[in-house]
């Protein structure tokens, strides 16, 4: 049963069609990568699924529930979390608060102004656990805006996974990292998404083929292939549109 | 911080509030303390908006004034014996009405932060201030409305005829309000207000509607502004349109900003400082508003986090035991800077004095003598030069006191 | 009835054009720098006061030429040494800075010129009736105000559409980052635009001073209205500011000139009300009474239902 399902999704800005009828099913527990050349519409697709943009037409369902055109916070509450390509944290809060805020809703605190955060042992323990997972435990009291880049990316991941969402969407999680940093980040992603559904946009093909169970290739707002890595590697259409250039340059 | 340490801060705060009238018991002092009490609650409530929630409001006096007007109406109802309760509850009535106004206005104004919110707050502020002159029955026109706080049942025999009695009542409300406003920052709603201030888009992706979060802060802020308005009504026993117009809104912005946004204690510092300036400085000079304007602009330019921020800047140096290294450079820059400021003030006052001789710093200056002007200008220029000369040393000392060498990281 | 309508229209146009002179500078500054200059009307006040002082020695016409220059230079200096410093702390800090500036300028004006109203007069040459209609005179000075405003509008249009600097400014309105990347000296342009904008405000003050009286509160009176205009017109849209200026000018002028009230409205529906009703203030409202609040009502409605304003594209 597909946990996330897109049916004939279109998105245009003015007269420009960015997404031209994408249909896609992502199974529960799957590690799914979306690849495609620059300008293929990957980020737009993410924004549509996570609720930042409204779809022009088509439907998006999360566990058979329509989520298109709903507010990002509603979608998040239904169990879909995402990270951003450009680091998107709460710069003036410290690292611990960043993660704790991301945990609040799933721990049922809603908009409470009658619970004192200092007394919520379970909540604070979970926040520390997440910090431990992303390797920022010793930076807990640092203002998030003052972390090094790779640490901010790790925190970005931490915020995305904190809520314990079923579906985690990562947008170029290792962009701008050095080789060793990226390797660590991939380890981290594997660890924290165990047993969950992962959707990932990534340009580094080694990582994509290493991590993904299935790969979808998006070109000019259309899905030209969606299959297991081996099949994608052998698909002539994909090679022509995308992998060809990588293969020759690598 | 341990619980004990935290509690001791609060106990000290309460002790200061209660002991102030024992230390200074003149009529002027009590009146100043009453103003401070009102200003502290008002400025703290403003900080909930701008400092904690990132909402720049140019119309916060609306909730203060609305609370105050309803409080005076409550006093009038006590007088006519329409209702019967002790006046110690008047601030709460003001607060509830402030909350009501905030629920109504916040329901549409908190959709966006930033410029849009600032403009809506400005528009509503002007709208209400202008309306208050039209609806004479409720607002009393330009003269405002007045009441008498001595009606209603006494509170353990106290009838609140004396200002000092009102001070203790106000101190109680200030303490309670401060505690609750502090506790609010420690709740999920209060913390999410910070998160939304920092990054409203991201907040939506962790399950929170930025608008709802802002709305809750906005309402809480309206509640406490209304309490401050109620305290105002109790202290002065009247309220006018001036208490909800743009000038009052501007003053609370000044207080919170100069004190330091984002730090819980900042607005308290700002409220105390500005009240002192207002009531003490205005005895010495007609120009205190001019100095206030200059102080404010200098704060925005050089201390964007206000006085509290300036104090907090020394935290690291203090923790590392390097504060002592800063004393000499501070004096080296501070003394000429202070001299420059004082001579500049003397010059400004001299211009203002026109033909009359000026009494300042225990001296008598005669503006008709050219020598007076020349000496003052020379002193000012020399002091400015001295300040600028010593500034690099201060920067260097500051850097070495606050810079953590890599091996210590 | 017709005479009232015509004169209300003429007065509305005069006010509207005057407002536009302020709104144009404010819009230009906002478009370029993203700063809503809270102190804009304060520069307008400075213009009036400077021109008044100059006119005492050299007459009105010298003041007309020199005062806007003084104000413009002052504005440029404030941008260079004040605003630019605050810029790094973000838009809220900038808005707060200009708010403090407005406060300081008002206090400074009282320091230098005192609290009383200044007897700033329009020049004698323009002290005649341009035309008389239905027995009411329309003064030549008002005609002169219209001429200056329209002249400025045409000049501004020409500069923005036909000159190199104008095209850079226009480009910066829609694509501020690109313009910087193209290697234009953006800080210098900022300073220039701020100076020009404040000079325009100063000019408005020079010509409005004799009509609207020169006193320390004149900035407050107009300040928030100009804010309302640029928001209603759409932040960053010059055409929008023009339409909104005229709209507000006419709206206020008609509202003051009319004598209808709630009572008339209720009478239409045949509703009668007691005079001692607690809400009598509400029933007794007349249009001239609520004229001062109409712009703010409009502002709030626009911000709720169309946050981008009439012709605006950018929301923040």
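First chain written, first letter: the chains are A, B and C, and each begins at residue 1.
Here is the rule we go by: a residue touches a chain if its C-beta (ideal position, glycine included) is under 8 Å from a C-beta of that chain, and two chains touch if they have at least 3 such contacts.
Given the structure is predicted, the values throughout are model-derived calculations rather than measurements.
Undergrad: What is the chain whose Cα centroid lies farthest from the Cα centroid of subunit C?
TA: Of all the other chains, the one whose centre lies farthest from subunit C is A.
Undergrad: Taking each chain's centre as the mean of its C-alpha atoms, which one lies nearest the mean of all protein C-alpha atoms here?
TA: Centroid comparison flags B as closest.
Undergrad: What is the distance, in whole Å, between the centres of subunit A and subunit B, each centre taken as the mean of its C-alpha atoms?
TA: Computed value for the inter-centroid distance: 44 Å.
Undergrad: Indicate the whole-number Å distance between the mean C-alpha point of subunit B and the mean C-alpha point of subunit C.
TA: Between these chains, centre-to-centre, one finds 31 Å.
Undergrad: So how far apart, in whole Å, are subunit A and subunit C when each is placed at the average of its C-alpha atoms?
TA: Comparing mean C-alpha positions, subunit C is 48 Å from subunit A.
Undergrad: Among the residues of subunit B, which are close enough to touch at least two other chains?
TA: none
Undergrad: Touching subunit C in the complex: which residues of subunit B?
TA: Residues 50, 54, 56, 58, 108, 111-112, 114-116, 118-120, 122-124, 126-127, 130-131, 134-138, 246, 250, 253-254, 257, 287, 289-290, 292-294, 296-297, 300-301, 304, 348, 351-352 of subunit B touch subunit C in their complex.
Undergrad: Which residues, counting only subunit C, touch subunit B once they are in their complex?
TA: 36, 82, 85-86, 89, 91-93, 95-97, 99-101, 103-104, 107-108, 110-111, 220, 224, 227-228, 231, 235, 278, 280-282, 285, 289-290, 292-293, 296-297, 299-300, 303-304, 307, 315-316
Undergrad: Could you list, by residue number, the parts of subunit B that touch subunit A in their complex?
TA: That would be residues 183-184, 186-192, 194-195, 197-199, 201-209, 212-213, 216, 220, 262 of subunit B.
Undergrad: What part of subunit A is in contact with subunit B in the complex they form?
TA: 50-52, 71-73, 76-77, 81-82, 84, 88-93, 97, 100-102, 104-106, 109-118, 159, 162-163
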